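One structure is given below, encoded as structure tokens.
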Amino acid sequence: MSGNTFGTLFRITTWGESHGYGVGVVIDGCPAGLPLDEADIQKELDRRRPGQSNITTPRKEEDKAEILSGVFSGKTTGAPISIMIKNKDVDSSKYEELQGTPRPGHADLTYEIKYGFRDFRGGGRSSARETIGRVAAGAVAKKILARFGVEVLGHVVELGGIRARPVSIEEIRENTEKNPIRCADPEAAGEMQAVVHMAKSEGDSVGGIVEILAPGVPAGVGEPVFDKLSAEFAKGLMSIGAVKGVEIGAGFRSALMRGSQMNDPITLKESTYGRKISMLTNNAGGILGGISNGEIIVCRIAVKPTPSISKEQCTVDMSNMSEKTIKIKGRHDPTIPPRIVPVAEAMVALVLVDQMMRGGFINTSILGDSYS
Amino acid sequence: MSGNTFGTLFRITTWGESHGYGVGVVIDGCPAGLPLDEADIQKELDRRRPGQSNITTPRKEEDKAEILSGVFSGKTTGAPISIMIKNKDVDSSKYEELQGTPRPGHADLTYEIKYGFRDFRGGGRSSARETIGRVAAGAVAKKILARFGVEVLGHVVELGGIRARPVSIEEIRENTEKNPIRCADPEAAGEMQAVVHMAKSEGDSVGGIVEILAPGVPAGVGEPVFDKLSAEFAKGLMSIGAVKGVEIGAGFRSALMRGSQMNDPITLKESTYGRKISMLTNNAGGILGGISNGEIIVCRIAVKPTPSISKEQCTVDMSNMSEKTIKIKGRHDPTIPPRIVPVAEAMVALVLVDQMMRGGFINTSILGDSYS
Amino acid sequence: MSGNTFGTLFRITTWGESHGYGVGVVIDGCPAGLPLDEADIQKELDRRRPGQSNITTPRKEEDKAEILSGVFSGKTTGAPISIMIKNKDVDSSKYEELQGTPRPGHADLTYEIKYGFRDFRGGGRSSARETIGRVAAGAVAKKILARFGVEVLGHVVELGGIRARPVSIEEIRENTEKNPIRCADPEAAGEMQAVVHMAKSEGDSVGGIVEILAPGVPAGVGEPVFDKLSAEFAKGLMSIGAVKGVEIGAGFRSALMRGSQMNDPITLKESTYGRKISMLTNNAGGILGGISNGEIIVCRIAVKPTPSISKEQCTVDMSNMSEKTIKIKGRHDPTIPPRIVPVAEAMVALVLVDQMMRGGFINTSILGDSYS
Amino acid sequence: MSGNTFGTLFRITTWGESHGYGVGVVIDGCPAGLPLDEADIQKELDRRRPGQSNITTPRKEEDKAEILSGVFSGKTTGAPISIMIKNKDVDSSKYEELQGTPRPGHADLTYEIKYGFRDFRGGGRSSARETIGRVAAGAVAKKILARFGVEVLGHVVELGGIRARPVSIEEIRENTEKNPIRCADPEAAGEMQAVVHMAKSEGDSVGGIVEILAPGVPAGVGEPVFDKLSAEFAKGLMSIGAVKGVEIGAGFRSALMRGSQMNDPITLKESTYGRKISMLTNNAGGILGGISNGEIIVCRIAVKPTPSISKEQCTVDMSNMSEKTIKIKGRHDPTIPPRIVPVAEAMVALVLVDQMMRGGFINTSILGDSYS
């Protein structure tokens, strides 16, 4: 299972289980000189935290970040940054009975087969609590990116079949954190909430689509041919539990387009620095040939409905190889997209820092604040 | 640009440009004892080759594979396998004039910005000829997989808005190679061809969707949490030029589903080896928690329309920073999906061999032929 | 500084500073099913711990290991194992004055130049406390190796110019832990102690040579050409602070030998399993062409004298770029080899597990207990 | 055997066998804009080439380099550089009889065990011809380093027991290439030649020590803790066949030193750029804490005597598991150090470019010519 490390030059390693001591991350490759304290991390963790609203699990976790290394006198030193978040509100009682009974749509079965044995409490390593380490590291990545004028913004664009209207970057900045759905279209957000509550009341769950935008990425980021910027986003985003699809720019819509529609016309735009090459549309999602072209990066992910539902489902009892049914108890989110937003942002931010380091845009030793 | 290597234990490195000496691949990590000759490679290269039909570029390339190392007495030795394919029918005349004029939808602009200079002939490194190395290596990967009962099958499921009807594995095996579209639904294939010809006659191009299936993958393959099987497929497939989206199983459809629809019910199936845990549906696409569950692996990719079109398009002249229009000449495919099929199969096969090695399913030194 | 991860399939990432919260390691890739508790780790940490004897620093550290993840019901689960050791007896008072004054032979100067800033307390990240994570992970590696009949044994063969007589494996097992020098030749150990005390009384320190043996390694381990077993040992051992040389088998002595002396004659030996190919001598140190040959693995490292000495030394004051002298206070070992023994063993064990996994000798998912 | 790639950002992959089609290397990560032609490569290959003098094998190989990709209009493009060298003077007749008979001191036995089968002709992949790819890639690395004022110089300091007197950098530049031994002390070179001839006439071979110096490396290169500059040199150098030991600076001599002798005093030196921190001695070999300190890098390797000797040796016949003796025929060097010099230089150069890229000293996309 040596797959718990992500990145080449800006590299994170996560650890921890849902009902164990806690979860954590080691960030290796953060340059020296970045002001960093626990509040920087906490801000992002609070966006991912359970119990934020009535559409998230009632599990009560403070998810308090502790920085254990790599920071001295309020600044990063270049050494690995170890961050730990202890588990508090652990209730494993509901899981004992699931020990030999894999939950449909969960990793229970595959972990059991692969490892012959598993920490079944709360999903163990395959729990969504694993993503805490990603978000903590993403907070550091975002702080670095901010120094270079790069922003990473996620929002829910579709939930339970309700689609948000097209929104501007300003609306996303403005509206997203104002509703529990994290949808930048307030009207759609209201409808989405209604759909979620309905599904919840039926013991069911709903899926949705999250969009992540990154304005400010300079042209030239990405390493062809296998480590294309798009390929790294795809890997990072698809590695998040519950994500079943990733698209860049026009994505699956591009399958329906003609070349004359898809190709973004190249043009010149006046900017404060003189004439600048730019695109009239952004079907490419800011990436051509795996390299950023200076336009806004656009990724979208398909998020499946929460697999933990209280409706009756078919499964098997592995202890005696017989069929049975289960209704899943425990505390679960009726929909994942609102809480996956900070996780997806984190993955995009981690990829961007790593690739900007690989391309020489960010110095790996001492943090500067421009690309020169 | 140190991004030309793919894989951890079964690792390929590709090289070469469209109009240079040739293209090639070094396969590192192939176990000893695999019977291998150039015909094994050629078979797959011929599926990717230009000039196969009237919907592909008329460029005449034999794409003849030469194995330069790693094979002795007809069998692999465990040493790196170097494969070279020389370029033959090179005509760079059409490209001279494009030197300072980036083609919309192409990597011309981003390569120029990133490297300050580029081999503009035929797209240089960013040409689709780069995928020859992938296909050659994929041929070796497929031959290994066959030893373990794993098959990799690609087919076009949508083209220019025409959607194929759902088909069985048998139909895919039977029909796909019988029409130039590589569509397993012969009727849809006919309509797709018509759409392609119409677009071509208008100087335009069409996009589509390719599905790749892998039956026979044993349960337990994939390394959580970042190197999930799904994440590796996403990276591998998104790294292919023209791919703008990747989905696994129900993919983007899962965003519209309820948990009770999405979760694949777990059941018992009688098999020749006794009762076996299996799923009643396959919305998961054969992967749960990043680990294969024993069902058929299902990936789909969105392929954008060919960016090279002869319609007039807006671009800029970088030599004097002025706007201009171009009509692209040269020899181009009016649609990419039919020829991307073997490339996508190759990426799926490469990921599978690598992950089966990482999980201990395939010995890295001497090739056996069972999982024990 | 993304250099804090070691290994390919069995991979460790260490973190922590001398005078920070603590130090730790995340072990990624440990197969499921290994019985593991904190006592397994503690046993090895106690061998590395300060304050063991009058030839080690008087710093009082319990170095108590806490396992934070990856173990459930007393067994590893395949998930990352996070181990933390808190710092206790931290006294940074002696270091404040050294802030702008790099100590000769230390990393102070180079960290200052590379990162523009450093945690100067106790050497920060460049302190020997960094090796605690290696030893903790090495304890896990050794436990895995033991399942496959592989042992890793270190001992001091030279210290302050005193050379131990040649000893047998049995003497090493028997005598090494019985004296504070960790020398398997008790007489030499006594002389070495005298030399150390003399140097210490003069405010000076001494260097030495440590040998690490690994009996039981099966033939066939090691991945040519760059990841030769010898090359991985060289990297792992040279990455330990204070190590200035690494040799395998006859090592530097081989420069003085003729081919007819150096080549180990190949012969047949009767064993319980029938006739077995074996070598009459072991100048190769168990490795030919980068692959283990079934003989005992033999590595030796040159360890420089402790750079922290109380004798007056020349250095500079970086705050005003003037020359000055310093006498280093603080608590230091007068010699490093005795305490480096468990660290060097750890690195050899880590390389062996990783390479045995890469070569298919150890399953990466579920721990078995034979090579088959 | 997925161990044929070396480096992180400047990464090479080698392929090829002694008596196959040829050998080659793919260099991935070379920045765009480096003027490069085949003569640059040839210059270094000619230093490694067989048949240079009467102390090298009489095998006649032109070792002509062909650049197959990555260079356009005389400059690198950032794409992978594929270099191929065809084998010409192949004579496998002497090897047929050795098929089942492993040569002592060679990799024959271990390859046979690991892969169950091997290309026995001329040592196959384990032949010293494998190093041609390293030297070709090293030539590119050296050309990059030269842009930054970094030089890499190897010379033989000991051969067959004859030790060269200490020499200056100027003497090394001046004298090394003037004698077939590559010894910068002309008198010692003469004696060494005599020793080699004597050994050869007796059907035997001699070992030696090679030193590699790298003046001009800026302070701050190297990534603690596992990827220390010293650790990377150790891995790169130990991965060369016939190398049995690696040391940095005072190396094994440091084991005999007191701290007060070993520690290099820190001082200030007037330079054209003002006062500069520098060391009075260089026992550290230019590396402190794994990071370069601005002094000359000093590495030394122990090279074992050529294992191929014509004296009678004991071995076994694996076909019938009986003991036998052999006298090795074929064409062999009576000593390796003179021809290993360019190989060792290449490895040092490769590590330096890779680490200077990792540390942000060399841009990975477009080659500049200063550190700023």
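First chain written, first letter: the chains are A, B, C and D, and each begins at residue 1.
The criterion applied here is as follows: a contact is a pair of C-beta atoms (placed from the backbone, for glycine too) under 8 Å apart; a residue touches a chain by one contact, two chains touch by 3 or more.
In this text the structure is predicted, and so the values were computed from the model without any measurement.
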item: Of all other chains, the one whose Cα centre sits farthest from subunit B; value: C
item: Distance from the mean Cα position of subunit B to that of subunit A, given in whole angstrom; value: 26
item: Centroid distance [mean C-alpha coordinates] between subunit D and subunit B, Å; value: 38
item: Separation of subunit A from subunit D, taking each centre as the mean of its C-alpha atoms, in whole Å; value: 45
item: Contacts with two or more other chains, residues of subunit A listed in rising order; value: 1-5, 8-9, 14, 79, 111, 114, 125, 220, 358-359, 364-365
item: Contact graph of the chains (line, ring, star, complete, other); value: complete
item: Sites on subunit C touched by subunit A in the complex; value: 1-5, 7-11, 13-17, 20-24, 26, 28-33, 66, 68-70, 72, 75, 77-82, 84, 111, 114-119, 121, 124-125, 364-366
item: Complex interface listing, subunit C residues touching subunit B; value: 8-9, 220, 358-360, 363-365
item: Sites on subunit B touched by subunit A in the complex; value: 1-6, 14, 102, 104-107, 109-111, 113-114, 125-126, 130, 158, 161, 199, 204-209, 219-220, 222-228, 230-239, 241, 243-268, 275, 277, 280, 283-285, 288-294, 302-309, 311, 313-316, 318, 321-323, 358-359
